[in-house]
Amino acid sequence: MELCLFLGCNTPAIRPDVERAIRATMPELGVDLADAEGYVCCPAFGSFPSTDDDSYLASSGWNLSIAEAKGLDIMVQCGSCYSSLRMGRDHLAHDEEKLARVNELIELTGRKLECKTKVRHISEILYNEVGAEKISRSIKKNLSGLHGIVQYPCHTLFPSEIVGFEESPREPKALRILTEALGATVDHYSRELQCCGGAGGFSKSSPAEATEFAKTKLDAIIEETKADFIVVSCITCLMYLDNIQKKLNEVEGTDKYHIPVFDYNQLLALCMEFDPRQVASICTVPRNKVIDKIMAG
Amino acid sequence: MAEKKPTGTVLVAGAGVSGIKAAIELAEIGYKVLLTDASPQIGGILAKLDNQFPTDHCGMCRMLPLVGREYASQYCMRKGLYHENIEILPFTELKSVEGDAGNYTIELLQKARYIDTDKCNGLGECIKVCPVEVGDEFNHGLTKRKAVYKPVPHNTPQMLLIDMAACTKCGECVKVCPTNVINLEAEDELSTRQVHAIILASGVKLYNLEEFEDAKSWAVSPDVVSSLAFERIISGSGTFDGTIKRPSDGKAAKKIAWIQCMGSRNRRQKRDYCSSICCMFALKEAVLAKEKGGDDVETTIFYMDMRTFGKDFYQYYEKAVDEHGVKLIRCRVQGVMLNPDKSLSMRYFDSETQEFFVVDYDMVVLSTGQVPYETHKKLADLLHVAINAQGLLPTDPYEKVKLIKPGMFLCGSLMGLTDLSEAISSGIAAAGQVSRFLSGIDVTLLEEEEIPEPTAKDRDEPLISIVLCKCSEKAKESSVDFNALGAGLKKLNSVGEVNIIDMVCSDEGKQTVLDLLSKSKCNRLLIGACHPFMYRKSLKNLAKKAGFSASLFEIIDLSSIVHKGFFESETKDQTRLAYNEIRAVIENLKLKPALHVETLPINPAALVVGGGIAGMHAAFSLAQRGVKVHLVEKSDTLGGYAGTKIEHTIDGLTPISMAKDLTIKVLEHKHITLYKNCEVVATQGSLGAFETKIRDLAKEENFYLNHGAAIIATGGHEGVTAEYEYGNSDQILTQAELKDGLTTGEIDVGEAETIVMIQCVGSRQKDGREYCSRICCIGAIANALTIKEKNPEARVFILYRDVMTYGFAEQYYTQARLAGIIFVSYSLENKPKVELKDGSPVITFTEPVLNSEMQLSPDYLILSTGVDAEASNRDVGKAFSLPVNGDGFFVEADSKWRPVEFLKVGLYVAGVAHSPMTLKDAILQAEAAAHKTYAYLSGRKIHTAHVISKVHHAICVKCQRCVDICPYGARSYDEVLDRIIVDGATCQACGMCGVACQNNAAEIMGFSDKQIMAVIDARLYRDPVATTAQ
Amino acid sequence: MANFTKLSFKKGELNQKLADLFKGMMEKGVVDALLAPMIQPKRGVMLTLVTDPSLVGAIDPFAPVVPVNGARIASSITGKPSGRKTAMVLRSCEIRALVELCKLKQAHLDDVLLIGMDCLGRYENLDFIKLRAEGQSSEAFIEKALAGNTESGGCDVSGACKICEFPVADNVDLRLCIIGTGSDALYIESLTPKGDKALETAGLGIGEAPAGREAAVQQLVKKRKDACDAAFAQYRESTPSVDALEDRLANCINCYNCRVACPVCYCKECVFVTDTFRHNGDQYMGWADTFGTLKMPTDTIFYHLTRMSHMSLFCVGCGQCTSACPNSIDLMPMFKAVAQKTQARFDYQAGRSHEEKQPLTVFENDELVEVTGQIK
Amino acid sequence: MDFSSSDKDLWKQIYNTKDLLHCFNCSTCLSGCPASHGDPPLLVRNLARMVVYGLEEDLLNDDTPWACVSCSRCEEMCPMDVKPFEMILAIRRWQTLNDETRVPTAIVEIYKRGYTQSVGTNTELRKSLGLPELQTITKMPEMLKLYQEMLMKTPVVSENDYMFNEE
């Protein structure tokens, strides 16, 4: 199948190794990716969605229409992008007036929006379209012997009727099953569903409290699991959980927080024996231990 | 030749308490009842509840008839139900209903139990050998059961069945079964029956952790349980053994939290109703947890509104909080987190301190509500009726229990979401409706049981015939030497004969016994068999056939000697144990007097006090069944408060016009005599024969009415208050005044900007109405909505403590918020303050969400002043010597199990005289009270029980201690006769009088000191014969 | 509290004064009849019902003897009221018993002017007759007793009196006071409107209370209380077990005199003379079989325990039971000691007040849970 | 404060949906909200109340709506389907509408280059990772123009155009 890859801002700009991992792995699994030339910000919730409907939906429309012109569905990895696009689409799909207004606005691009294009999250594609079983078959190395915990992106869970794809949004399992498909043991812990806290203004307006909030989660991981790594499928979760550990160590004056964080596709890429220096090179918490173990395995 | 009329037969589908109640009521007046239940047992939810508030004890047996007890086979309801006229069909589903009014053909699917429960002796040899273990539904999986199991552990006889889903068909059970009644190939049976009326009492499903999405997400650990499962955890027949064990690891649970509104009050889940029962349920469980688990148990309830709307609910709530220290937190929690140490963390926001807290609990109990809709849809299809707008079965607008299809009725939770007492009243009311319906069609009643006349033989010197069943000999534990036993017993004085036979329980066995006995010279009979509970009924009939007086017949349980060994007996010699046991019974039987029941003279007329809607409804319901009714009303108009003051209600009822129609029906009915401007002065007599002195206030003269029973329906009226500057400003009104004003147009809210309503004025507080008036919240909402209709721009604030829109009334609360009406809660400790600024009210209050002082200067301040009892209740109470509570409402016999009865048999209560309630509830109660009355006045013979208390006048010193102490008010001192009188119908033979009376002038017949001492002697007796018996 | 009338008398004229008083009362129609201890023409002093004013001369209320507890007499006179106003002169123990009988509806005081009298104790009947024969007068006894000595001629007042905390009668209309009033005066105290009216009609003025009285009464009460505690201690020590009880009651012959003498044992027919205790031969044999031997008559201890269970809540400790026993079984300490405990348990005191409801006639659900063992 | 003087119709301006009116302050939205850990905490329930009451002043000066992490838990859990997250966005919109200082700088970034970050400028790094040149709008001037032209038609940009135009 072919999908239109919506990269958003952070991935290409700050963590391009994740982009590399995605571009490398998906075709291997029979998912071909087309670029969304001239796409714009999803838009992030802190931007146009917080100012007015027009600018919000115009931007959504702008992006959606690019994919729709290609007759493709959109695939997103970034949680916020996914949720913003999906909600934007939802508004348009259920409100003729708004849709009309957006078409009026994007007319100058010569594109027209009918909301045919669907917005799908990469983990959902992997889970539903590719399937764990095919993934296990297509890897050369695996994560056996390694323990991981999964961080579900809130934006792919709530509100379930708009963004959700899990059978039970309150008991998600896709990312776990996908990770297990790579041979890893996924440990459960009390704060598994706790938000990373990275998105929005929280971490900026209340840095101390936000750090404390993340600490509770990381402490739970350390106390309750044997986690060698954290798996995410959202660029925000990735960057935040990676960077916050450094900050925590500084604040706490320890070095106890050093669990490497991977985007799922990065692990997938490593198991497919892509070059770690390309698919998993950018990080705050060193990843070598895990990477070496995979390479050795 | 005219063919015989059919016997009136009624299907009661659903054997929960309401169904059982309906069945008993119908069976008692002589109809044949099919009582089915889809589950393998009867009792519904209540089978699992050992404790019900307010007593925190079980009181199930209180729903059994109190007059002529033996004939209803009085018995522990938790063990089972027995009644000649009730055919109980558990594990049976109603498959189809065809035909119409008074002539229904139904198909019943009886699911295979794989065990013939009629022949099974319930000892469970099979269970011992069954290799399969699965979670026990009864204890919500807290315990294990085998594939062959007892659905309710405490049922007697045990109704075993095999769970085929789990069964491996290894056949072990078949091998060990002593009565070989197991058939692993048995199949479901479809049968067709004819019934004349149908009562649906199947109840509704409870929200549960297995099925429902969000509940599932709470189930992060076995220690998160449903409130029903918790009931099992604290139940003696469950896993409770003195400590409240959390399921995960059996550790004592010391911190327990309840989460309210699980699956209710949830628009997102399309369940925008209140389940009604959960608040009291949680309160009760929290109290029990402390009482059972010890004072160090901490209990917290997370709630939105504490809906303690019913009678005595609020007092219970106060008790829970003040005495037991149950903690209440007004916050709906998002979820629970399982910690490594198995404790359960919850984060909540405390509005009082405006702080977040994270607290660890040992257990979390989910107050899982009722889920009506699916059930109703299914039934509607089955009955070929259309679901109504609310998604419920279509019922008569005023009579909750009456389906729009003739001959079909419903009761219990199906009606809406009912609590226990309402379930009971609805059961009675449904029975009433059925009897009204059947009285109109061509069916007969079952033959009344013939009570044998006393025979001369009964008074002869005692000569006892003993029949021993030796089947228990086969049990491997048994070492009873029946021949020796027989020989030993034969030697005893006044033992005429001893017969030892095999399998008395079998039909052949019974026949043999019958043949033997019909030849017998003896006048008293003692049968020793296993499990008297199982066979009592059939053996009693056997004895009767053989011509033995019921009072001169005893059954003794031999199997318990063999299987349990005898209590803490010093010897294991079973023959000897059996001998002593039987000897003791013989000593008693020897001395037993021959008792015979009296038939009570019944005056088939009823007195109804109060001509409100409840009173009129009761009167009409009785008259329709041919009962003569005296209707006494102290004013000169009929209709009462609702029938004269309330134009229409929020649920579209029109009380005034309804009362008008009813009045006409009442006035026109030939059986009803109306006495206006009359009040009750005094009454005397007992069931069947009351004489009541009536005062005609207009003519200022007295006259007397004779009646067999009476219904008190004196009603109530809007409460009065002096609080909140009421009376000092024409901008301050009561809800009723507002309602009037709005209907008459005297009050124009067109220009009004702000209107404030204060709820619970003078209610739900120690120094005031210590109860919830139940109707004010809905009333306020109704008025508020009218205001919004007339003037959408007006701002309406309702200051409340808890919004009591229980059940489906929740929709009105939602509707009101949607209309922009603003609800602000206040606490009893911090009531709103009202002062007058140049004549206009200014209200100051603490807004709880933002936790800030707010002020309002409304155009109108409306006070919800609740419902007061009629002042005259106290006099009426005195006249009938009936108890009236501190708030002036009548005190029924039992708030849960006998809601419309008084302790004194023959007197009943209905409507607001009982407690504040909605019109529909009042009508429901009226129907129930009318039926209880009808049951005695219907012309069937009413007998006293054999065993009641008597007075030996010769030695009575008339100290009247017995009168003071009788808890049923069955004893009185008759000045004219200078005697103590016992009301044979009311006496329950509890024995209190016997205790109080020092020289045995008060005696419970059949329990004389002489008998009791003789039994004690026998038990202390060491008999050379027995020791050498084997 | 000035409701006292002083009645001075010269030595030897106390009874005369009292006779005049009651004669006056009857003539002025305060009462139609008088029930009071009177000197009997043959011998002894007995309660006597007088309706002829001219015949009250024989009155001797302070004679230290109580042949029958007057409560029983009062009960038989008022059980079915005659409607005649009657003055009754009784002692504390009699009045307290009477109060219980009223609650049991065995007596009615509506037409009764109840007159209590200070009591310094009573001798056993025979002792009293002996002492009278030796010429001891009531006045002499009062003087001696007030001095603290009741022993005389080898006889002493009954054990019950020695440990009686109620020398002064309560729940009365009038009270004849001799404790702390000085040897030459008797005071009449009125405690009720009925009493006031009686004094008024009798034309008696109202005066102050005698100075020394209160102290004197308290002192006497204290003395008896101490004696009582000692007696209880002594009894409980001597009778710690059922065996000891058997021992104490060993000589009981089922004559039931104690029951007849007991003022609060009010049954019309005692269960022990009913069929219930008329056993068959094989029952006796059975018991004999069980233990090998059987002491006759049977049911003696059972009898006393049953009686105790019946009356211990109302026992006033008058000691008539002991006095009545032909085999000098000292029953009083047993009943009084048990009564003290049972009554305390219900926070009740026999004869304390007309208002207090008798225990066990009030039905309470959660009463005595620690005993009934009912747990929720 | 005298409540009667508050703007009863404010909610219509801010979040004109019946969903809001369903709120019965059950606090579900609070207990699981990440930003409720903040200082000051984001108290969604309280915001809903303020909107219903029409407490204009307080709302205008309230920063907490901007602390929301957009996780939408409240949206999922709310038993009354108030859609609290939608409400928070609505409040933000109303604030920016009435107070230009609230206009997020991010939208200026987006206006200028299409994104909040400078996407696609890290060519070296991308090459080293074996990534292709990215066709960002930044690299398509005429496209960007159209985008800006389009945004100019939207209220927030047109009304605050000075923020976007200066060179």
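Lettered A, B, C and D in written order, each chain numbered from 1.
The definition used in the following text is that contacts are C-beta pairs under 8 Å (C-beta built on N, C-alpha and C of every residue); 3 or more make two chains touch, one makes a residue touch a chain.
Quick caveat, the model's predicted, so the values are computed rather than measured.
Participant: What chain lies closest to the overall centre, CA atoms only?
Facilitator: Measuring from the global C-alpha mean, the nearest chain centre belongs to B.
Participant: Nearest whole angstrom, what separates the Cα centre of chain C from the Cα centre of chain D?
Facilitator: Distance between chain centres: 95 Å.
Participant: Just curious, how far off is chain C from chain B if you go by their C-alpha centres, in Å?
Facilitator: Spacing between the chain centres: roughly 53 Å.
Participant: Chain A to chain C: how many Å between their CA centres?
Facilitator: Each chain reduced to its C-alpha mean, chain A and chain C end up 99 Å apart.
Participant: What is the distance, in whole Å, between the centres of chain B and chain D, each centre taken as the mean of its C-alpha atoms?
Facilitator: 56
Participant: Quick check on chain C: which residues sit in contact with 2+ other chains?
Facilitator: Nothing qualifies.
Participant: Which positions in chain A touch two or more other chains at once?
Facilitator: 170
Participant: Could you pull out the residues of chain D that touch at least 2 other chains?
Facilitator: Residue numbers touching two or more other chains: 37, 73.
Participant: Pick one for the touching-chains graph, please: line, ring, star, complete, other.
Facilitator: other
Participant: Over in the complex, which chain B residues touch chain D? Could you list them?
Facilitator: Within the complex, chain B touches chain D at residues 261, 265-269, 304, 330-335, 346-349, 351, 356, 753-754, 793, 795, 797, 813-814, 817-818, 820, 822-823, 825, 847-850, 852-858.
Participant: Under the definition above, what is the set of chain C residues touching chain B in their complex?
Facilitator: 104-106, 266-271, 274-276, 282-283, 286-287, 289-290, 310, 357-358, 360-363, 376
Participant: Residue numbers of chain B touching chain A in their complex, please.
Facilitator: Interface residues on chain B, with respect to chain A: 213-214, 216-217, 335, 337-340, 345.
Participant: Touching residues of chain A toward chain B in the complex: what are they?
Facilitator: Contacts found on chain A: 168, 170-171, 190-191, 223-224.
Participant: Per the contact definition, I'd like the list of chain D residues that touch chain A in the complex.
Facilitator: 34-35, 37-39, 42, 63, 66-73, 75-76, 83, 85, 89, 92-93, 96-97, 103-104, 106-107, 110, 114-122, 125-126, 128-131, 134-137, 140, 143, 146-147, 149-151, 153-157
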